[in-house]
Amino acid sequence: MGILEHKFSGDNVIITSLDKVINWARSNSEWYFQFGLACCAIEMMATAAARHDLERFGAMPRSSPRQADVMLVTGTVTLKMATRIQRLYQQMADPKYVISMGSCANSGGPYWQHGYHVLKGVDQIVPVDIYIPGCPPRPEALIEGLMRLQVKIREESSLARKAS
Amino acid sequence: MIDAFASWMLQFGALSWLGTTPATILAMSLVAVAIFIFVALNALVLVYVERKVSAFMQVRLGPMRVGPMGTLQTVADALKLLLKEDIIPRFADPILFRVGPWIILLASFVAFAAVPFSPGWVPADMSIGLFYVVSISSVVVIGIVMSGWASNNKWSLYGAMRSAAQIVSYEIPVGLSLLAAVAVVGTLNLQEIIAAQAGVGNLFHWIPIPFPNWYIFHSPFLFLAGCIYLIAATAEVNRTPFDIPESESELVAGFMTEYSGIRWALFFLSEYANAAVVALLTAIVFLGGWQSPFADLAGARFGMISLTVLALIWTIFVKYKVKRLSIYPIGTILALTVIAWLFPAFAIWLATPGLVWIAIKGGVVIFLLMWFRWTFPRLRVDQLMYLSWKVLLPIALINLAGVAVWMWLTGAISLVG
Amino acid sequence: MTEAEIYSLLSTEFGDKVVSFQGEEKTPFAVIQHQAIHEIMSFLKRDERLKFDSLMSLSGFDLGGAEQPLGIIYHLYSMSLNHYFAVKVLFEDRENPKLKTINDLFRTADWHEREAYDMYGITFEGHPDFHRILLEDDWEGYPLRKDYVQAEFYRGMKIAKEK
Amino acid sequence: MARLHAEEMVLNMGPQHPSTHGVLRLKLRTDGEIVSHIEPVIGYLHRCFEKHGENIEYPMVTPFTDRCDYLASMNNAHGYAMAVEKLMDIELPERVEYLRIIFAEFQRIASHLVAVGAFGLDVGAITPFLYCFRERESILDLFEMASGARLLYNYVWIGGLAHDIPPGFVEKAYEFLDYFDERIREYDRILTGNKIFIERSADVGVMPAEVAINYGVTGPCLRASGVNHDLRRAQPYSIYDRFEFDTVVGKGEMGTVGDCWDRYNVRVLEMAQSARIIRQALEQLPTEGDVKSAVPKKIRPPKGEIYSRSENPRGELGYYIISDGSSVPFRLKMRSPAFCNLSVINEIGAGWMISDVIAILGSLDIVLGEIDR
């Protein structure tokens, strides 16, 4: 946090404009980690495919966690899978973001009541930035989720700590 | 070029106090920096082009939002990669892991030293230029094996092993197919190879259709050699259908699996630098390098005829399929054709800048590589080896003999003294 | 062949080992003694008149009662003769249900038996690779048993819903 | 001379890997590139379908059957509805039967499109995948018209359908069928006849018919092995006996019968057959009739049990239901086709290279949702 923090006093024009450039780059290049778990993965694939084309926004699928910025948790997280998700999240390089796609990843979804093997929400094991509701969310919803994440990234400050 | 540059600097007032040696060193470093900038820009542009080309082939749009038509997309990507965490896995070999990507980049970067971009524009005009480029670009494999091994990841290891086998095998068809051209021209100097392809002659020497004297049109054997070179070179730079070292659906990301951030960006940089080297080498050895096909009157006539034919074909067949895209290229081509047909002098002027021509030729080859990548499935390891050792190698060998026979038939060499 | 004919064939061949036949069910089945499962299955597969070459499904179930708590039903189908049959076994012993594997006859049974173990705790003797299939090996309890009580935590992760 | 023997390496493929079609994990024992043993580890998507079946009422199970095989929701719901209807002896209106078949066959095309595209992706061809998804989107549009959802529809209800089809659906369906016939030829050009594709898939992962039957492999994988078995023909359920269509059987045109190429080609040809069935069904579709007329007010099947089977895009889908006379199933077991289809992977995949194992896995067309349930 704040690698130039003590070099300058307070927010100044260099830090803020550098921040802007960095955030512009980060928000416009959200490479997502292909992390298909269940039904939502099909919608994720459909979003990346011809009609919806996620690549328009600079989002590119990566299959190795090391090269991804965003982990899209798409689908039901089971207890058997949970530790693997944690591991994969740890393997990602900072700055990293998590989008929880679909009701199952948000809260267990339809498996909430009797699902003895379903984790009730992926936020129990990894920090989640954006929740996308829906079972499964439509491709438009996923795109909206990515846009919201862009907004979130643009408000970040990686060089100076916010005054508040 | 370095010497010329250095002596120019010495003549230049403000720098005249420099001695010859410092001036040469300065010139060298400036050229190196220029090449490095070229390599970086090359990757930025090619990644963008590749994403767009793939998108259009896949009925998508590709990057759209960042900058006009998404042109700044790769800039954003590069910046982001620079700022990402650089992970070195705990059980990785720390030195090799760090050094590997740099060696790969260095190998592809240094190869540009002998590439002639234009008449007189060659960083190092060496007599063994072709040999140098071919040998230095295979140093890449050392970097790949290093980084694959150092990652301490099984997928990376597989990628590295496959890559080692592949690049070493495909060196041979690459060398033999280039040798066919060398046999004709009799030199390894790239500038001389280009110079020998000047002018316009008959297609395949005997068929009375005017064609540029490029080696790909020189004889059927050299045409074949060009095809072999393109196939083998595609394998050399690890692109589909020969991308088994990083095959995404099999090995996650092959030897790059454990790399993140800037080091991974280096792989990208070198991948596209390699593609550029291959494309440029194809252009130089088989497509006449910076030679323009319209450099003289006959050439201009040839060019005009072929362009007119192309434009007609394009208009008739393609325009009805791709409505929006075709108007501008056709318009440009037609306009150029008409103007050049009326004013041959203009055509010759159009033909002069070698840099433009080598860029066009290289671009066409790179587009071919992309076309391969987005349409073909991937070969298996053993099929890849089979193709190299049992198909390309014998053909290349016979082809080399064929070139000799051809030269004897056309009188370029004679058996008695 | 209809199910009733197959049943009569079986009862003449095996006598007491075939306990009963439920012909009025939508999918008729025969109940057999669980000790005889392997020989009866082997007969069903090999007999020229029956030729049951594929085991379509193997499902465990828990009747929940004390008399016939656990059971397994095998649904057989003959590709060549296009007829089917179902065989059911029941276990009196709820604590330690044991059955001989039919893995060597039908490879389908391989995973299905493991699943039945996973869900109901029915052990199959002679199975080459016998452990849980869907759940992790350290899972406690057999979730589809009627008396299964959901654990609070698994490896530190909360299972139960938050009220 | 002693053969050089290297130490075997255990390679974990998955549960997160680009070509395991979800969260499957394969433990590969490899000697260099050669895989000597494959042990699939499943259960990473075990969502307790059967437990849910025992705790919720009959009509509420349909959404869960949809989610089991999320690529073939319509077929799954159809199979489940048929099982309960048979248990309760419900007679369906003609229109419902026809509409169900239309949707089931559309779903089959959509599912095969994903299978074909993903198989292309597995052997390294990326573009066909995008083409397949483009066509799939058109089918999803039709589904969306009818049910309002893109992927999981809850459209086939016990005793009927959730809604009738909207006006304009039939015309749209015809439009799609006309368009789709041309597209199949496009796949032939880009994949089926591609030399590299044939090299990669022909003669690879041959599954002999006896192995397939012994492992309980069903569906296109079984038919590719040369066994002419299709439940729609062998034991026609619903109204499949009214339609003319051919059962596509693998012939080994490019290699041996039962290789990956056959499994791929059977799917491509089956899409054409499905389109044929849809055309007939659309022509015969009765214009009158309420799709909800047979839906019971309270679903309480009598005491008893049933094993009902239907042909899913992946093979035989069986539902085993024990009813104790209440409104909740006492036991609900789903015999999922991909579960059995996957179990054969060691038999046909051992001895091949890593790349082949991926191609074989792709050609089996598994959906983890129904393997793990």
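First chain written, first letter: the chains are A, B, C and D, and each begins at residue 1.
Methods note: a contact is a pair of C-beta atoms (placed from the backbone, for glycine too) under 8 Å apart; a residue touches a chain by one contact, two chains touch by 3 or more.
All figures in this text were calculated on a predicted structure; none of them were measured in a lab.
Under the contact definition, chain B and chain C share the contacting chains A, D. Two chain pairs are in question, A-D and A-C; the one with more C-beta pairs in contact is A-D. For chain B, the chain whose average C-alpha position is most distant is C.
In terms of their C-alpha centroids, the spacing between chain A and chain D amounts to 31 Å.
In this assembly, the C-alpha centroid of chain B lies 45 Å from the C-alpha centroid of chain D. The distance from the centre of chain A to the centre of chain B, each centre being the mean of the chain's C-alpha atoms, comes to 37 Å. Contact with two or more other chains is made by residues 49-50, 63, 80, 113, 116-117 of chain A. Shown for chain D are the residues that touch two or more other chains, namely 17-18, 43, 46, 48, 51, 130-131, 134, 372. Counting only residues that touch two or more partner chains, chain C has 134-136, 143. Interchain contacts give a graph that is no line, ring or star and is not complete, per the touch definition above.
Contacting chain pairs in the structure are A-B, A-C, A-D, B-D, C-D.
The part of chain A that touches chain C in the complex is made up of residues 79-80, 82-83, 108, 112-113, 116-117, 119-120, 124-125. Residues 34-39, 41-43, 45-46, 49-51, 63, 65, 75-76, 78, 80-81, 84, 88, 110-111, 113-118, 135-136, 138 of chain A are the ones that touch chain D when the two sit in their complex. Of all residues in chain B, those touching chain A in their complex are 51, 55, 58-66, 70, 72-73, 75-77, 79-80, 83-87, 248, 252-253, 256-261, 264.
Residues 134-136, 143, 148, 150-151, 154-155, 157-159, 161-162 of chain C are the ones touching chain A in the complex. Against chain D, the residues of chain B that register as touching in their complex are 54, 57-60, 154, 158, 162, 240-241, 243-244, 247-252, 374-383.
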